[in-house]
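What follows is subunit A paired twice: with subunit B in the first complex and subunit C in the second.
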Partner chain A sequence: MERKLRITVGDKTREVTVQELGADGHPLPAAVAVAAIAAAPQRRPLDPKWSTIQRDTNERMSHMLPYLTRGSKVFQPADTVAVLNAVIRSGDRVNIEGNNQKQADFLSDCMCKLDPKQINHLHMVQSSVPLASHLKAFELGIAEKLDFAYAGPQGAAVAKAITLGKLKLGAIHTYLELFARYFIDLTPKVSLVCAYEADKDGNLYTGFNTEDTPLIVEATKFRGGIVIAQVNKIVDKVQRVDIPGEWVDAIVQSPKPFYLEPLFTRDPGLITDTHVLMAMMALKGIYAEYGINRLNHGIGFNTAAIELILPTYGEELGLKGKICQHFALNPHPTLIPAIESGWVQSIHSFGGELGMAEYCAARPDVFFVGPDGSMRSNRAFSQTAGHYAIDMFIGGTLQIDKYGNSSTATAGRVAGFGGAPNMGCDSHGRRHGTPAWLKCGEEFTDQQNLLGDVPRGKRLVVQMQETFQEKMASSFVERLDAWKLAEQAHLDLPPVMVYADDVTHILTEEGIAFLHRCKGLEQRMAAIRAVAGYTEIGLQAKPAETKSLRAAGLVKTPEDLGVDRRRANRSLLAAKNIRELVDWSGGLYDPPARFRNW
Partner chain B sequence: MSTWHTLQERSFLESSARQRAIGLVDAGSFSELVGPLERFVSPHLPILGEAIEFDDGIVTGVGLLGKHPAIVISQEGRFIGGSVGEVGGAKMVGALKLALSIFESLQQGSAAEAEARRPIVLISFETGGVRLHEANAGLLAHAEVMDLLQDLRRKVPVVALIGSKIGCFGGMGFIAAATDVIVMSEFSRLGLTGPEVIEQEMGRNEFDASDRALVFRTTGGKHKFIMGDCNFLVGDTLADFRRQAQHVAQMSMIEIEGMRRIGSRGAVERQMKLVAFAADLRPRDSTDMWKALGNKEPQQLIAASEEEFQKIAVRWNA
Partner chain C sequence: MALNQLHFEFAPATPRAFPVAAVHYGVVGSGDMEVIIEACALAGKTQVTVTTPVTGFDHVWQLVLGRFIDESQLADAHISINDNNATPVVVSLRLRQALLEIGE
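Up next is the complex of A and B:
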């Protein structure tokens, strides 16, 4: 069945041939078919045999069409559930955009209002599930399977849903790993994304918080999928086109701006004297020792302390211009004093941090700022940079076992990995040399045993952790809780954040263990015991053995490093509270209410 | 240990109880009483398996402000939130008794000398009130302190200095209210029921304790200054607080009595007027109150530095 029609969409008129389109062989209502074709650019007619995906998408979009405002891609918030109902089918792979920072929360809420009798068995493929509504979709029976990277606050709910049989877990990934699978075997059919602005044609401005959007949209749209965006505001002209309108099928202005979590903000007021001591040890024993110029800092007070003593202790050690010049890093507010003091040359960010947009925009020499004057973050690129182009990852964890494997998983919580393992590992595909990478490789005794006389570098992976944490929980354990979790939640393997063979240094308040310099597992374990303090692992250390490790430079205490403990206090912090960070920024940093003490 | 001179420019907010005690009085004049070397420790905490401190989280001692003997009580928030237990409470009580006995012995001499050397009590609060691990003893100490404040009234000025991280809450909020003069910085807080407890009891819609900006504009120094709950708002250095204490030491006892916010018929009437004003206004936020009192742009007050704030803030005036 074939007919010729003249159609007008917006100000464009086109003559088209409408073909039989329905999956079941029935012709579609003419108006619907016409609009579906008109929305697509003119091209050679497709062979039905080779365009099943596109024809399926067209059919679904035809059901969405009645909700779109004439001549635009805009639908009303009240019609959101109906729109989702039109385009989502049982068993679909669906992505709800969200990571550890921004969330397409309105669309996620609306998806939970679908009728589980009609739409079910969804396979959610998404960076993270930190919202209650993400888990609700599983509880209601709309969603069934999950492939993700990070659960954060919903870690316990994920574990519970697995135990109750409400959630089938595909795998816990790192961000890059999951992104890679979007292009191989986990491509979403429908993606629900979020942006700051959209125009009526669907062009999106994701700006400071661009994060995962380009990647999700590309994976979805270029495999004939459907992209729906919630935006804070529909405007006549977007500030900058981050996502071309052709790749977005429908947009809705959400009743509230999308949720943003200030995950990377640490209040300097909560940094302790011990954090300062460890930060001093890190600067002297690792940053200065290796000349670390390209790096990533994990989340936490330890690295915040390092950032805040760069302009004081770092300056005193004469390290400015020698270390910390290039970062793959979210815009950490605690880095403001170092940036303002001229330490940092460039920062590429995974995401945007709440309150930092204006500051970043005003420092285009440092951040990646677009021609429109606002920063653009990009998680996929920054993770790639963090995997291939940095010489050191330094960050905290929750538990380290006697071999040096570490994990943030605890019994009953599937927290996920996020992006840390992409940086907290040696990138085996790396082929370019830098002094820090080469020096670390030269010291990596065990690697040399497998390579013969060929030189190869090594990324520094530093675990920085006090021996005890809040509520006297020990950081060093015989066996990771991850094992218990793997059993409870039926995981394929215990979720390990950083594997022992990747770790080069463990830094505690007791000292630094240089694991990569050790010969074999036994010596590594001895070095770990030597810095594990009064934990069950640390108490097994033998004084004579620790002494010989110190003599061999495999373990260094603050005294060995020449760090004066008496100076290890908060007075070394360039900013002691959030207010002082605002002052350092010249008023450009606008901290969220929960961090203000004024 | 830092010298007295470097302490002066140090942030009050950042200072430990001992640094505050040393820095609040004249250079080199502070002597600690019942200090950590005496090892008067809580008898209750070890039974509960909790760690102890050799000073039980309170520093007491004497120093000078010019000619005036200054009895100093300074609480340490880093030890169990500055909570007051049996030993810490007894140290407070002992210090206040000492102030009274100094006053009385000075009365034996000439009237001019007694006036010129009138003692002063400085309490640097950093506490959430009673230590729950030893609540009975702690409560008793609160009562004894309250009693002594009445004994000291019109004789020895008692000054509350509130500029530390934890602020001053719980039973110690009552004690602070019963002192003669309250000095605060904008970074500290004063109240009875702490924000977390309000949220727990009344729900998040009533009070969101995680919204620190809300917490500070409801309990912080600026709000307390506008409402007349604190007498002086000062900057955040030890020198700023010390200067204010010196200033009070030189005031007459009549002026000091006039600083009290409670404790007389006139003061009660003023408070009742404020309650009526607030009840009529039905404020949804402290900034509504500020506006009603004549502060046209409350947001400006929040962002203002302490100096700017002093210039522009309009205070409650019954």
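Up next is the complex of A and C:
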């Protein structure tokens, strides 16, 4: 028969554990017991003066408690608005998880059903605002202020809400910058996150789409905040504990799985011959020239074209094993042929890409796959990797000004940057050397002029951009639309995605401008004009000047690079459509319905 | 879709006569164009006819075609372009590819 023994020392009483019993089944002598009690973890009652956050949270959670199923953290979908009403107070900083991939859409919808008379002036701090419901909270007067990184499809709605006085904009951040502020001055009080699975204790499986969850939960919970999760499924045992249940206060199984945007899927069918030409120039003029082995690719068709000519043109140039071995990159479907051909050693991902989960799980040598057999993405870590440990960022933009500053902001659209600027910049905290980084630094005339004889490297930041986009929109402009936007939306400064002093190369169909090799701003501007084609900037180029820039190796045309224009053809693509990507993957890639056009 | 016809004439400084009877390159897909270059006795000149749905970019056509003729010195030829919203980038590429096609 089991007997419970209690021991009292001073004003403390507790049960005696088995370990504290002597061999004869009696408690150990008092002295030993006192020591055991002293050593046991005890929580002192907190001084109310120093625990206001915790007491406030406890008080709010007591209103939520009646909705939780007994013995668990689970509440019913129908009670979601009531739960949010219980824990959110006017003026709170609130985070709704959502980035450019997964979205806590059900919780966001429910937050819009709160009564704006009761709950208002919320300060939203969140990676992105791509859902209509994110903006609706502002239109309804529930939310008032926004600090974010990316708006995507809601860029126009954000601009409009600012103009109408419905939304006060804090700042447009990069992902890492915003994440950093969660731990300094923008810590959320309540965070609404999402996961694939939860158990009744709140352990979360975020899996392939782990993305921002660990960071949001850590920032919130360790400052006494409240974490509520919507999950696709409540299970007895989660596949893997990505977030410990102790850090999650309540969970709900959402009526529909969370929304997932296939943002990084590019249909090879839409890659043009011009993209192929530019991809050939990139491989010969930059990847091979610098031996780029650690990198990040933007999401456009230009970089998709590079990925797809690695197994063809890249192979022909003998570059396999010399370039493109380590990526900080989402699982781009267009990289499948290069992976399958043995080009890539490792890829760490910011997020999961819809349809790629099985493929990644089946390639654990390449992707970061857990002991449970599924990949784990993590935006904060991947952004950190992209900031410190890659030698090149290459990607597109919308506008480049005559100095080389670039922005995706256009008048009337507050699009944000997401993570691009964390990679599209030089990381000034970097101290380790690689051949590519050192070579670029050596060539960076203006930097070297400020350093004397001390060597320092430089990340390659390549803006790869056709001179004209759809509808004859010019990529090269006298002045960025970002200035106009800054005025309209009362921003502190024009939202620049990549600053001119960070850019090393501008690659257009006309050629590559090696900006970091130039001396001073005037020469940089001349090099930009030389590759700006028939745009207003390009038309200012003087033929004699362009000729001397080419002679000095500051500008290189396809002919200078030995790129044969006849071969700039879609036939160089290792896969010409989504169907061929599926074939390359051995059927493991499962493209979203909208890309299944066969 | 209303189509416009634009006509241009160029007189290269050091004319090089078009060496074959004709070449055809490209497809009139969206954002693309086809070009037909035919030999034609024009006393060292080259004529271009552009059929395009786009208006208001005549000066850009002039510049793109002018640079192409300048680089190639193509003479005694008639160039027909059937355009479907190709950017100057694509126009330049197709013209050069057409010449490369016949080994020029």
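To be clear about the criterion, the second predicted complex is superposed on the first by the 556 of 598 C-alpha atoms of A that agree within 3 Å, B and C clash if a C-alpha of one lies under 4 Å from a C-alpha of the other, contacts with A are read in each partner's own complex, and residues count from 1 in each chain.
Simple rule for what comes next: a residue touches a chain if its C-beta (ideal position, glycine included) is under 8 Å from a C-beta of that chain, and two chains touch if they have at least 3 such contacts.
Everything numeric here is computed off the predicted structure, so don't read it as measured data.
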Partners on subunit A (subunit B, subunit C) - clash or fit: clash
Partner contacting more residues of subunit A (subunit B vs subunit C): C
Scan A:D273 for contacts with subunit B and subunit C and give back first, second, both or neither. second
So in the superposed three-chain picture, is A:F468 touching just subunit B, just subunit C, both, or none of them (first/second/both/neither)? second
Can A:E509 be said to touch subunit B (first), subunit C (second), both, or neither? second
Thinking of the overlay built on chain A, is A:N597 touched by subunit B (first), by subunit C (second), by both, or by neither? first
Contacts of A:K576 with subunit B and subunit C, given as first, second, both or neither: first
In the superposed arrangement, which partner chain does A:I347 touch: subunit B (first), subunit C (second), both, or neither? neither
Any idea which of 40-48, 58-66, 94-102 or 220-228 of subunit B is the one running into subunit C? 40-48
Does any part of subunit A touch subunit B in one structure and subunit C in the other, and if so which residues? none
Report the residues of subunit A in contact with subunit B in the complex, numbered from low to high. 269, 570-571, 576-577, 579, 593-598
The subunit B residues in contact with subunit A across the complex are 10-11, 13-14, 165, 186-187, 210-214, 216, 220, 222, 302-303
Going by the contact rule at the top, pick out the subunit C residues touching subunit A in the complex. 31-32, 54, 57, 60, 63-64, 87-90, 92-93, 96-97, 100-101
For subunit A, which residues count as touching subunit C in their complex? 272-274, 277, 466-470, 472, 509, 533-534, 539, 565-566, 568
